[in-house]
Amino acid sequence: MASKAFYAVVAGVGPGTGAAVALRFAKAYPVVVLARKPESYNDVVADIKKSGGKAIGISTDIADPESVASAFATIKKELPNTKLAAAIYNVGGGFGVKPFLESSIEEIDASLQSSPRGLYNFAKASLPLLLESTEDSPYPPTLLVTGATASLKGSARFGLFAAGKFAKRALAQSLAREFGPKGVHVAHVIVDGIIDIPRTAQREANGGAPDGKLKPDQNADRGKQIAENYWFLHTQHRSAFTQELDLRPYVEKF
Amino acid sequence: MASKAFYAVVAGVGPGTGAAVALRFAKAYPVVVLARKPESYNDVVADIKKSGGKAIGISTDIADPESVASAFATIKKELPNTKLAAAIYNVGGGFGVKPFLESSIEEIDASLQSSPRGLYNFAKASLPLLLESTEDSPYPPTLLVTGATASLKGSARFGLFAAGKFAKRALAQSLAREFGPKGVHVAHVIVDGIIDIPRTAQREANGGAPDGKLKPDQNADRGKQIAENYWFLHTQHRSAFTQELDLRPYVEKF
Amino acid sequence: MASKAFYAVVAGVGPGTGAAVALRFAKAYPVVVLARKPESYNDVVADIKKSGGKAIGISTDIADPESVASAFATIKKELPNTKLAAAIYNVGGGFGVKPFLESSIEEIDASLQSSPRGLYNFAKASLPLLLESTEDSPYPPTLLVTGATASLKGSARFGLFAAGKFAKRALAQSLAREFGPKGVHVAHVIVDGIIDIPRTAQREANGGAPDGKLKPDQNADRGKQIAENYWFLHTQHRSAFTQELDLRPYVEKF
Amino acid sequence: MASKAFYAVVAGVGPGTGAAVALRFAKAYPVVVLARKPESYNDVVADIKKSGGKAIGISTDIADPESVASAFATIKKELPNTKLAAAIYNVGGGFGVKPFLESSIEEIDASLQSSPRGLYNFAKASLPLLLESTEDSPYPPTLLVTGATASLKGSARFGLFAAGKFAKRALAQSLAREFGPKGVHVAHVIVDGIIDIPRTAQREANGGAPDGKLKPDQNADRGKQIAENYWFLHTQHRSAFTQELDLRPYVEKF
């Protein structure tokens, strides 16, 4: 279902979920990837091009409304006569898990900047464009937001991280209720587990069980992996929208 | 991905979700449908055969453990050398929405029989078979359970209905946590809205908006409808299992 | 605030929460205690009388609507011209935590009988009486229901237990929404932890920490214990009703 | 149970919940009230003094860590040899309910500043002091946080407001899990309804039903009103801590 007239935009592409999602959507659409620095998006842009897709990387400070506006202005210039079909917010943000009394105000600020404030900027720029696609995009236009276990539960030493994740979920849920009836599909994905990327190679998950981490690659032989789930959400008919999807390895405790 | 060596079983097939799910799974597997009376499954069995699939209907009282055991004994005879890949519990059960003080003990019994007790019997019979398929089924073997808005929220006059739905969800969630690590995918689907079937034709949903009801048919031109979501859950890789999926029309208030 | 014209009824009085709640409410009202066997209520009846209160024990099979009706008929005879101010449902029910495939249909039936079905009978008998007290009882008439951690979360091997608890919560929540606007306060109490009674003396809780179990007695020197929380719920003004209260020892993981 | 050696601090005192809570705690402790401007706390300070209590008002910008540190330095000087027994965070913050696309970045910043960031500063300053009181305060030292319906649910047009409230709840819940085992009681109060204050006099609640708004005053004749619930949470024994309390008028839809 490739479409020349529509594109997707992904904010936050490291080597994990964001890159995998960008690659998946690139099978159907030109994909714009936003990240603070070219180092973060160069690889995925190259990978998409190598597999025959079209990709553009734009350096963007997602917490800064002007930087986001400028990124979308660049998109308009680079992809004329092309409409937005899907926008994915996958910005991670400061982790900062530590005893509360050892934390700093800068750490909660980092969590709030990257999670609710960044999503605010991204949604503010992309929702007007998604609204323009409700009649003719291949699937209902979609805004997908990546969350985590800490989006649902505040744990000891996870307060700052959870504050950002809860807030992001609140915004995603509110937008789903406001923009769903207008034909835009807003969904929140709870990724509950460790992503299997080089940076996490040394972190044991679930006792080292096979497939104990979420796999951001595309070559599953026995089922759909994480990126395919994002794509599936995008392809739901408007009579059957999901608002929140949880994803976790079969061995994950929850 | 048709497989001759595996089958699916669907309990509860009226003209809505159950029939649509059976038809979808029949594209890949022979499908056994269980319902109290042949009137309930004759149509879907005929539809599956017409489209080139294989289907068997078995009259079963899902609340009765012996009737369920007998149904699975029949399956074993009818489908020798065939293993279970997916089991779907879609039994509706007594609705009975009314002022609490006008309700009767028979009505809460009906809700408890069809929801948690029926699922108990169905899970008890199917889980040992699903465990036998973890190594070689096309996708991780799957137990899917249909829930409703009332699975999450008890509303005025919905107490009896919600009691059954909450209990069914409790059981599904507990089974997910017990059998997930053994390789069986257990998921619960929250269907939040009215299914578009002849019986509901006169019930206005969402102000009569187009696509304001969930569509159990297969012919969507712009996105995956309800049955395709059940199939998607079945095809998730074991590194990315969903435990609970909500589905609702874009115009549904929630 | 003792009142001669009003009474309380407590279903389910073992040596723990039920007995403590009965003793607490007996400071203000005559208390009727319902339990299957006199052995279960004799002690608390004696304790209440010893401390100057009035108590009546009635043998009742709470899962049997006729037995419950008969108990309330007895109450009417024993306490003429006395109106119901508070009804507390504290029936425990079969625990049965075990691997699902080792469980039996009798065990899920026991869970469903004692939890949702028993509450159904108790609510059916007490709500009409509570409705008669909305104008003149000392505090808004109240129906309190005891739940557990398993009311909110289905864990591995806890499916049967959780099915009953979830269903009971569904009913309590639905009744709160239906009867709140009529002036009856319905609340559900999540008791998350082990009650400190002789039967649990050998069960270590929270590494043996002091006050690591919930205390059903009345003699706290530094704060209100479990029974006092039930009483507090009863005494909330109708402008500030709580629907669900969680209670757990400070050291409890949750 | 007045105590000369302990005090309470309340951040956010308008004419509603904050003032009522301050008055209630002033029956037992000297109370420090923090608000941005003297106009906000002058009345409650006067009211407390009039009823024989001790009160101090300190102008504080709760979103500014230095202003909060300075306030607590002032407290130390003003109340020497006095330890902290209870800290209540009741700061409201920008409401800003409007269509998302009409909102501004300043509005989400206001929500995040007053809710999670302000609570962060307040908790950072008060938790070390509460930890010093675990052995000898009259009741377990307590941090109470006021939330709202929007702490649990993101509604259309409420996204910015909900983002702040969700984040505040995440932090409160995380702190409860981290500091509970150390003996500090952290609880979150969901106030679900309109507070009955002059500013809301023209807002009809629940069809104008009597007691259809939460009452911040102290003179209930038939039950405990909102401030008494905060006090009750403070007086819970450490074997029976509540983490989250919902409060709503009997006629409130939820």
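Residue numbering begins at 1 within each chain, and the chains themselves are lettered A, B, C and D in the order written.
Here, a residue touches a chain if its C-beta (ideal position, glycine included) is under 8 Å from a C-beta of that chain, and two chains touch if they have at least 3 such contacts.
This is a predicted model, so every value here is computed, not measured.
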Inter-centroid spacing, chain D versus chain C (mean Cα positions, whole Å): 31
Intercentroid distance (Cα basis), chain C paired with chain B, Å: 35
Intercentroid distance (Cα basis), chain C paired with chain A, Å: 46
Where chain C touches two or more other chains, by residue: 177
Arrangement of touching chains [line / ring / star / complete / other]: ring
Which chain pairs touch, all of them: A-B, A-D, B-C, C-D
Chain B to chain C touching residues, read off their complex: 65, 99-101, 103, 105, 108-109, 112, 116-117, 120-121, 123-124, 127-128, 150, 153-160, 162-179
Parts of chain C lying in touch with chain D, wherever the complex brings them together: 138-140, 177, 180-181, 183, 185, 196, 211-215, 220, 222-226, 229, 232, 235-254
